[in-house]
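Common to both upcoming complexes is chain A, partnered first by chain B, then by chain C.
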Partner chain A sequence: MQLENPKPQIFQTGNFEFSQQYIKRKQQEYDPEIEDPIDEYEIFDIIKTIKDPEHSFTLEQLNIVNPNDIQIQGNRVIVYFTPTIPHCSMAQTIGLTLKIKLMRSLPKNYKIYVEIKENMHIKEIELNKLFQDKERVLAAIENQQLLKIINFGIQGIR
Partner chain B sequence: MLNILKQLQNEMTSKDDQIRAKATHNFREQLELINVNQEESTFLIEFFLHKLNDPQSLLDTTYILLKLSKSQKNIHPQLIKMIQNKQIIIPSFSREARINLYQIFLIYPITFEIASAILQSIIGEKDPRNILVAFQLCDAILQENKVGIQYKREIFEFLDCYYPIEFNEKADPRFQIKKVEIEDILNKCLFSEVLLDDSILLLQDKIVSAYDRAQGSALKSVMWIIKNQNKITVLQIEEIFESIQKLTDQVIMDDDVVLLIPITLKEICNHEKYSKVKAKIKKISMKTIEEIPATQQGFIYFNFLKLLIQNNDEMIFKDIIQIFNKKFDTKNINVTQKRLENVIYTIEEYKKYNKDYISELDNNLKLKLYDTLQQGINHKVQNVFILTLKCLTDIMKYYSNQLSNLESILFNQINIRELIEQQCILDYFSKIGIVDIKQYQQLLTLWEKNNKLLYDYSLTCSLYNIQDHFSQFTSNIISNQNYQIKQEQISALKSYLDNHLILQSQRQDQAQLLINQIYNPLSKNIKNKLIKQLIRFIFQQFPICQKIIQQMTLEFILNLEDEQLYYYIPLIMDQELNENLVQSILEIIYKQEFIQTNIQINKKYVYKVIYSCLSKYQKELNLEFPQISIMEIQYNDYKLNQMKLFLVLLKQQILINNVKAIEKLKEISQSHPQIICEVIKHKDIQNKAFLQKSIVEIIKQINHKQTINYLINQIDEEFINDLVNLELLQLIIEHFNDKKIDQLKQLNLIVNWCKLLNLKVIAQLAKIETNDIKVLYTLINIVMNNFEEAKYNLDLYNIGINLFKRYLNYHKRIVRQAAQEAINEWYIVFYKGL
Partner chain C sequence: MNCQLLKDHKERVWQIAWHPNGQILASCSSDKTIKLWQLMNDQYKLIQTLDDCHTKSIRSVSFSKDGQFLASGGFDAVVGVWMFDGSKYKLIQQLEGHESEVKGVAWSVDSNYLASCGRDKTVWIWDHDDLEFSCNCVLQAHDEDVKCIKWKDTTLYSGSYDNSLIRYTYGEDDEWDHKQFQIEHQSTIWSIDIFNKLLLTTSADCTAKLFSIQDGTIKPIQTLQGFHKEPIYSGSFSYDGLYFALGSADNKISIYKKDAIDELGYPHFALDQIFDAFEFDVNCVAFNPKNYLLAACSDDQNIKVFDLQL
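Let's turn to the complex of A and B:
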């Protein structure tokens, strides 16, 4: 099977881990008195290890997801992702994988919005509608083959 | 089996997960009872290979495939194809499913296709039980030379990340594999002929790595290679030795590694093939102890030379003495001391293996050695003087013409030296003997008036030289408070009593003198362990204890003070006892009103005496209890030991169904729950249903929280098997609401050994509310580990998932992340969406 994007650009990971804010955040984790709110970095940690369906790289390595593209407004989590190429056919699978993993990993009261970043994909509007429609998402994962691919992506092995 | 399959057809293909799972399980159970022929099994294998895509029945399916494969000659090609096309991805299966599939591969001879399928299946294996089988598979591939060479790179890449392996076999008893097993098989694979060249480089890396455990494991691997791998070349061994040399140049923090290096070097030297390397190692060792003896390197290489002495044909004493004579420098104290110690330890090793060291030296060397040691004898620094004297003690018997010369030097110095140096001089005299006895007696007379301590010490050497002081010596031995002197004196006395050159009657008289003094009821003895050991020694050598034994009755013992009783215990342990004494003790056990007797046994050593008697006749009396030494380690307080003795008596009473004894047990268990556990574990109680019932009733009535917690702590396989009472275990689980991590782990044990209670335990865990992060972490781990086995029970799955979901909005991130990981893993294995 020919790859759509045979030579994707690979990015360095963990750049933000040297920032003062991140370091302080990490230190606080070991103090039982201080509460750790769910923040962008935590959401990013959940989704960064997901593997791309085509390659053996993670979404972080391909810069498909980035902590700057995550917003948290109360109990609303909005994740924007950037497919590697504008006509990437795996965008739907990636979006569904992100949505499923977040729905499994976050408390029930959180509302999760997964969207393709503006002007980054030719079918942006269509796919964003799919990701927002809970019924369609549940119907999609009824497909065993698709569920298999999603689970492989979440597990991180090929 | 095909008919059974037809009958289960509808259930096997049902849309309901649970029905499918049950059907597969039924099929598996049937398969255990029936043999399948080859034709049938081929068909069945093909059917069940497709069923691998049904995660609810995965475990049973893999087990069925394993069973069926055993009757096949070749592996089913469909399985290989499915693995290669990624229709099944074995690393994503649960542990048991994975190991079943690995075992299928083990059945068949290795071909290129099978090897490729194996290497795809074992990637990322983490569970130790599976890792062991994965290594066995790698070994099987490597045995087939051509296949091994083809997949050399992949196998090496798989194995090298596990090396060196760290496995704690005590951490989880479920594993039931030993560290040695796993290390051996890893060594066998990594250092096989095919991978040897690459692995040697890896090995060298690990030897010089900064990580202690890697160094230790690498050295052990070197020893393994030397014993088991013939194909290693001399050049490779030389390179390994160079890495070891580099390692010794570093500062090594781990003491085990420091001890391991000489052993490894010795192993290399034991092999005839590596004689060239051996010569190199020896040369470097000698050079190191010549130039830098007082360093870690010096220590390591000297230890190597010491080990070399074991070999019959090795002669290193001459080289050591040559270095000593050349480099004995009294200016640098540390180095001087080290050089002296080297000589002393070398002589010790030679003596250990009955080798003659002095014959290695020619006359010149011998003379030069004595001259060098003279520098030490006149040295002002204490340690140098003492070490020199020790050295001279070992060799003076070969310098008989120098004895009186050295003696007069020491006599001149003895009164100006420190006490410890004086004692060393006296030790020298007691071992070598005294030439000028008159001068020694003058010194004795002087010390008797002016230096009591030295006089006492000097009596030690008197034993060998002047008989007149013996009775003084004997009374001194008992009353002397100075531990070191007492020790020396007792050691000297033992040597005297053991010296068969002296008449038996003479020695016996002296022994009798001592015994009379100790067992005199009027003498106020102070308890002393050394004297107790001496008494045992004397009674073994001489038949002088009958009189004392005859007078030992129970009444006599109960009237003695503790300090006096102390010295009767060795008699009880080693000698045949008075029948009256044994009879009286038996009466205590079987008397109905025995509870009153407890009051009498309230002295510390009385209980010990009775206990020792009972221990001696355990078998005959059909009593079972731990040895006194074990008991004293367990309970420091002698009152608890008394309680234990009481319990022995109580248990005997319980066995004959003494109602009063059972009531007493009820009373004691409230405050001493350990007693209930011991009673439960008593073998005789297992066969008596009425007793079991009584014990269950007693436990049910226990209100004391600490008691229940204690019982939970005692839960182990023996406890559960002995109790054999599910109702009681359920009761214990229901009471469980402790949040301490150790307690949670105990609960975990119940799940391991009593699967029926799984659901109950998990349900109980799900109720625990706590804010402690570590406890939460432990909780999550316990559930994860146990669900590994019970995953396919949907009830447990549901409860478990709910348990984790509770922690998704916990206020600490660490806990949330642990729960997220667990949930995602399970969704994947269980093949669920949301």
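Let's turn to the complex of A and C:
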């Protein structure tokens, strides 16, 4: 099969670990006096190992997801992702995989939004609407073929 | 507020529907079953579980207006038809034809027609002769998934992922004619309910809209916005049309009361109450056809029947 983006750029992983915010959070983690709500780093930890549907790299390695593009407001989690190329036909699979992994991993009362980062894909509006449609997302995981692809992505690379 | 909890489904409950006598409630779920609950001594008791039709999530369920039939639609693309034999509902036919998920089923008022809609962008009209159901016609007028359908007498309305509403009428040329209406919803239309000449739509744009339907026109009356912060999956009029309820993915249910009639004779509704109904998304709300009991169901696998004491 012809790869759409045969030589994707690979990024250094774990850069965020040097940010002041992350260092402070790490220090607080062991302090029993301080509450640790689910934050963007915890969300990132869940999604960073997902395997790209096309390449043998993780979404973190391809910079498709990063902690700066995750927002949390109470029990609302919004993950923005950046496809490697604006016409990437894998964007739908990546979005569904992100959404389904988060649905499985987070407490059930969380509202999860997965969106393509602004101006990063030619079908951005169309795909964002799909990721928001609960019925379509849930029907996708009842489709054995699609579920296999999604589970393979979730299985990831560690 | 008095509320009864109906607990037996093993997965999210997608939809609920009242029997026209107001005594039986049907619910359908991702657990691939339909459950029937009957009011006995002020308590809802599970009287029947229908699990012999669908192999995937059951998305929609509907009683015919005479209570003789029950229909269901599932993600397995099948429409199920059950008939009441005097003591129980029994599966009489599985209607195949949809290419992918069925998202809505609805009976015409005279029970002569059953309509179904789905992700394949079509609406199917089924009719029956000697209890043998067959396809009357397939209508493809939407550009995207058809999410919901509702009959008003022999006219059918559908709402879609393409944000539009379509009306189908059976013309003098023995064909189904359709007309599409862009009713200014900014996203998917998730539900339609009708009371007399009032039509209510709810949408993923977090608003609900009220329209007057008469003389072949659809005239906007009111937009309800700012009350819910997530998609509104369902809306339902009370039996007397004095109230309607909305159920949303923000876990809340809101109730609106008719509070004025404008100079053109159109009613306006005002918020009566809004409350946290479940811990997860409210997928469907349905007012009882005889009283002010409101049934609702959620992703948390439960059904609640609220006595609103309006």
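Keep in mind that, in the parts below, the second predicted complex is superposed on the first by the 154 of 158 C-alpha atoms of A that agree within 3 Å, B and C clash if a C-alpha of one lies under 4 Å from a C-alpha of the other, contacts with A are read in each partner's own complex, and residues count from 1 in each chain.
Please note the rule applied: a residue touches a chain if its C-beta (ideal position, glycine included) is under 8 Å from a C-beta of that chain, and two chains touch if they have at least 3 such contacts.
Everything numeric in this text was worked out from a predicted model, so none of it was measured.
Enquirer: Tell me the contact category for A:Leu96 with respect to chain B and chain C: first, second, both or neither.
Expert: The answer is neither, since A:Leu96 touches no partner chain.
Enquirer: Report for A:Asn151: first if it touches chain B alone, second if chain C alone, otherwise both or neither.
Expert: first
Enquirer: Check whether A:Val65 is in contact with chain B, with chain C, with both or with neither, and answer first, second, both or neither.
Expert: Neither partner.
Enquirer: Tell me the contact category for A:Glu42 with respect to chain B and chain C: first, second, both or neither.
Expert: After superposition on chain A, A:Glu42 lies in contact with chain B alone.
Enquirer: Applying the document's definition of touching, compare chain B and chain C: which contacts more of chain A?
Expert: B
Enquirer: After superposition on the shared chain, which partner residues are touched by A:Cys88: those of chain B (first), chain C (second), both, or neither?
Expert: neither
Enquirer: Let me test your reading of the model: by the given contact rule, A:Glu29 touches which partner, first (chain B), second (chain C), both or neither?
Expert: first
Enquirer: With both complexes overlaid on chain A, does A:Leu138 touch chain B (first), chain C (second), both or neither?
Expert: After superposition on chain A, A:Leu138 lies in contact with both partners, chain B and chain C.
Enquirer: Touch test for A:Ser105: chain B only (first), chain C only (second), both, or neither?
Expert: first
Enquirer: Touching chain B in one complex and chain C in the other: list those residues of chain A.
Expert: Of chain A, residues 108-109, 138, 142 contact chain B in one complex and chain C in the other.
Enquirer: Going by the contact rule at the top, pick out the chain A residues touching chain B in the complex.
Expert: Against chain B, the touching part of chain A is residues 29-30, 32, 35-36, 38, 42, 45-46, 100-101, 103-109, 138, 141-142, 147, 151-152, 154-155, 157-158.
Enquirer: With touch defined as at the start, can you tell me which chain C residues reach chain A in the complex?
Expert: 30, 56-57, 59, 75, 100-101, 103, 119, 145, 147, 161, 187-188, 204, 230-231, 249, 279-281, 299-300
Enquirer: Which residues of chain A touch chain C once you look at their complex with the stated criterion?
Expert: Spelled out, the residues of chain A in touch with chain C are 108-109, 111, 129, 132-136, 138-139, 142.
Enquirer: Name, in rising order, each residue of chain B that touches chain A in their complex.
Expert: 86, 89, 91-92, 123-124, 771-773, 805, 808-809, 811-814, 816-817, 820, 823-825, 827-828, 831, 833-834
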